[in-house]
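In this document, chain identifiers A, B, C and D correspond to the written order of the chains, with residue numbering beginning at 1 in each.
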Amino acid sequence: MNARLKAEVLAANLELPKLGLVDFTWGNASGRDPESGLVVIKPSGVPYASLREEDMVVVDIDGRIVEGRLRPSSDLPTHLALYRHFEKVGGIVHTHSTWATVWAQACRGIPPLGTTHADYFDGEIPCTPLLTQSQVAGSYETETGLAIVDCFKRRALDPLDMPAVLVANHGPFAWGASADTAVHNAGVLELIARLAHLSLQLNPVLGAMPGFLLDRHFQRKHGHGAYYGQAQPAAPDVS
Amino acid sequence: MNARLKAEVLAANLELPKLGLVDFTWGNASGRDPESGLVVIKPSGVPYASLREEDMVVVDIDGRIVEGRLRPSSDLPTHLALYRHFEKVGGIVHTHSTWATVWAQACRGIPPLGTTHADYFDGEIPCTPLLTQSQVAGSYETETGLAIVDCFKRRALDPLDMPAVLVANHGPFAWGASADTAVHNAGVLELIARLAHLSLQLNPVLGAMPGFLLDRHFQRKHGHGAYYGQAQPAAPDVS
Amino acid sequence: MNARLKAEVLAANLELPKLGLVDFTWGNASGRDPESGLVVIKPSGVPYASLREEDMVVVDIDGRIVEGRLRPSSDLPTHLALYRHFEKVGGIVHTHSTWATVWAQACRGIPPLGTTHADYFDGEIPCTPLLTQSQVAGSYETETGLAIVDCFKRRALDPLDMPAVLVANHGPFAWGASADTAVHNAGVLELIARLAHLSLQLNPVLGAMPGFLLDRHFQRKHGHGAYYGQAQPAAPDVS
Amino acid sequence: MNARLKAEVLAANLELPKLGLVDFTWGNASGRDPESGLVVIKPSGVPYASLREEDMVVVDIDGRIVEGRLRPSSDLPTHLALYRHFEKVGGIVHTHSTWATVWAQACRGIPPLGTTHADYFDGEIPCTPLLTQSQVAGSYETETGLAIVDCFKRRALDPLDMPAVLVANHGPFAWGASADTAVHNAGVLELIARLAHLSLQLNPVLGAMPGFLLDRHFQRKHGHGAYYGQAQPAAPDVS
């Protein structure tokens, strides 16, 4: 069981530099076993080139090490806070990918400006409020996770319909039903962050796309009558 | 016959990621057989790395599947609407390539700012008006194609002299006499979109290039006395 | 003799895509034999991947083909006009490289903003005035070359101290004592154009660097007491 | 002894083009032997592709050549001035890497805008004041080093807590306890310079991140209770 998840989480981590989402050791992916609730995560500060399956760290939901010789990613407490509150989430990715980080540094959410965005994210990708001095001084990484959870609660967002967030002055977190999907969503986030940034340079006061177009595209891929890809039950009217 | 076109359309699709025009599965190319009128298109949501000739979907002009086990691209109705109204077009490409998509998201046509543009596009590359709520709620993909056709009719544009368009809040479509040419034009569009974007950052109120220079370059490659490349009948005066 | 120059000019042309300076077939390099005065240039519209030594076209200074089965680059008359007036120039390169073309499209010269610029270009890299309608209607490519020559004459520029120019609404030409050096200068121009563009985005009213710093760097590499590289006679005072 | 340092400095130099930090021959790395005080540096103007261990130049702190057939980098006097005044520094890198050079050309320090910055640099990365005409006319490369030293003195900066600087109208220098670390810091600087540049394009009046968040991240990696990576003594509270 843990072996399979460790292999999956290793593969997810190795995909991050391939997608151009991490430089040096700046990123990590984790996965959760839906039955045991155990979480597997990348070890802290280990270069991707030398990462092996046995380096993966298995922890319980309180962060106690169950398996592994290395120290887990220093961002583990953020992952755990998200797993605790986002029950359908099975994989989480944190990176400092350029374009998403730029929005985070500017403390701005990414407005939906086109169908590329709408195919994956059901509205503006939120940016958390800045942490307070006491949050930063305390269990900082846990507080980061709680700030994300709180932001989603106040905006009534479903984490699977909005599978990413920007942490102000920091960078993005993305997630999904599995570690693999979380990596994909982190890659999509980066492309959308770039598209939105460059669009605003053409027109700095550009507003969001119409809600009905956003809905159509999000539902086309994710709704009950979804008709994108090969896995969906019914084809659209093509006439 | 279908076999040859399927091979051509496969090759055209595989060229898209090589030219850096698609990420993940976000793009598709199709081709039309001039005699039978049948259209071959990429299947929906299939990764480029695993795409094979037998995956290509053959449909008639009304979208009925003639050959193929997979569901066609969800954008097929847009392709069909264009083939119906642009009779000389033999290949169509849709991508979410970065720089062209940025102009589409900003809902702006690309003004002709230099000879690179003029070598391929006889004027401003248009951006369609936004679709209305009822167009989006209806046969959305067909309506997208009809909006392009309508835009070209109102501007009196010849699709072969203006082989690309931006769909507002969405992304680019490009075309040509064949699938291969459509891919080339999609690649050129992306480069021109980038040049124009960066030029406007140097001078946000930059106007279009002079019409006589635009004409000279477009005619140099596409007019009766064209003298670019090896296929043209006559060389220019070089003295 | 022609064989050696053809090999050099082929190598120079093949270097252009390697340096990221050309897309598709959008660029060409030529070289001049100092003794015979013959010029070798790339054929028009031939893809770089299939370019061979026997494809190179040898012409005299009036553009008459001396050797070669293919039609020369349509930009040949521009090269010839430059060779006629810039007697120390032995190689010329024309590209549509992104960042240099952006400055050309914006019809702006590139101001000297740092030592990278000053190491190669002794002042602002000029942009030619727009060609008039009658210049474009006539021997357009020759007129392009003459506009460059005229621009250098009016500014009293030595082509070897300012080995590049931007043609308004078109793109860059670069040159040097040989085809090889011309390619190097075209590559440097592209990097400098990018640095200057991005610098102006940080500060749109940024002025040129001090003249005494420009001079020091240009002389350090090109002056009598030059001390950069291994070929110079004397080392600088390093204490 | 010198052999080991020459191998290290060669490796550091070869890493520069791999990280995308140098074009052509525009960069150099050096290292200092802590016991002998001798400095090893890249030779001037030699392409990276042909660089070998025996090309490295060994000099004493006054720049006298102790070993090596080639002339040292023309920037050697700047390196030596830094080694003289920054006693804990064991390696120095100079590049013209794009984004860091852009800030240097705009004569602006890089404000701390996010945790990526705070993980490596304890505050704003300074830009030196412009050199005066007499400084440039004199021992220019030495004066460049002294301007950096003076800038750090006036700002009371510890070179190991602020392992990089921008030289106005020129480009970046980075350093560290070893040549290897200096290269890493030069790479980080480039990424941070890009993030900050793009962040300011989203919000040109963006201010620095809160000091308490900057401190937390810098201390998390560099302070007494550091808990990033595998080398640290204690894990953070993960609950």
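Things worth noting here:
Heads up, the rule we're going with is that a residue touches a chain if its C-beta (ideal position, glycine included) is under 8 Å from a C-beta of that chain, and two chains touch if they have at least 3 such contacts.
Not measured: the values here are computed from a predicted model.
Between chain A and chain C, the least number of touch steps comes to 2.
At the interface between chain A and chain D, two copies of one sequence, fewer than half of the residue numbers in use appear on both sides, so the contact is built from largely different positions.
Compared with chain A, the chain whose C-alpha mean position is the greatest distance off is C.
If you average the CA atoms of chain B and of chain D, the two centres end up 47 Å from each other. Chain geometry summary: the mean Cα position of chain C and that of chain D are 33 Å apart.
Shared contact sites, meaning residues of chain C that touch two or more other chains, fall at 201. Inter-chain contacts, as defined above, occur between A-B, A-D, B-C, C-D.
Here chain D touches chain C in the complex through residues 23-26, 43-46, 59, 62-63, 70-72, 74, 76-77, 80, 96, 98-99, 101-108, 130-131, 133, 136-137, 139-142, 169-171, 197, 200-201, going by the rule given at the top. Residue ranges on chain B touching chain C, taken from their complex, read 113-116, 184, 187-188, 191, 194-196, 198-199, 201-203, 206, 209-210, 212-213, 216, 220, 227-232, 235-239.
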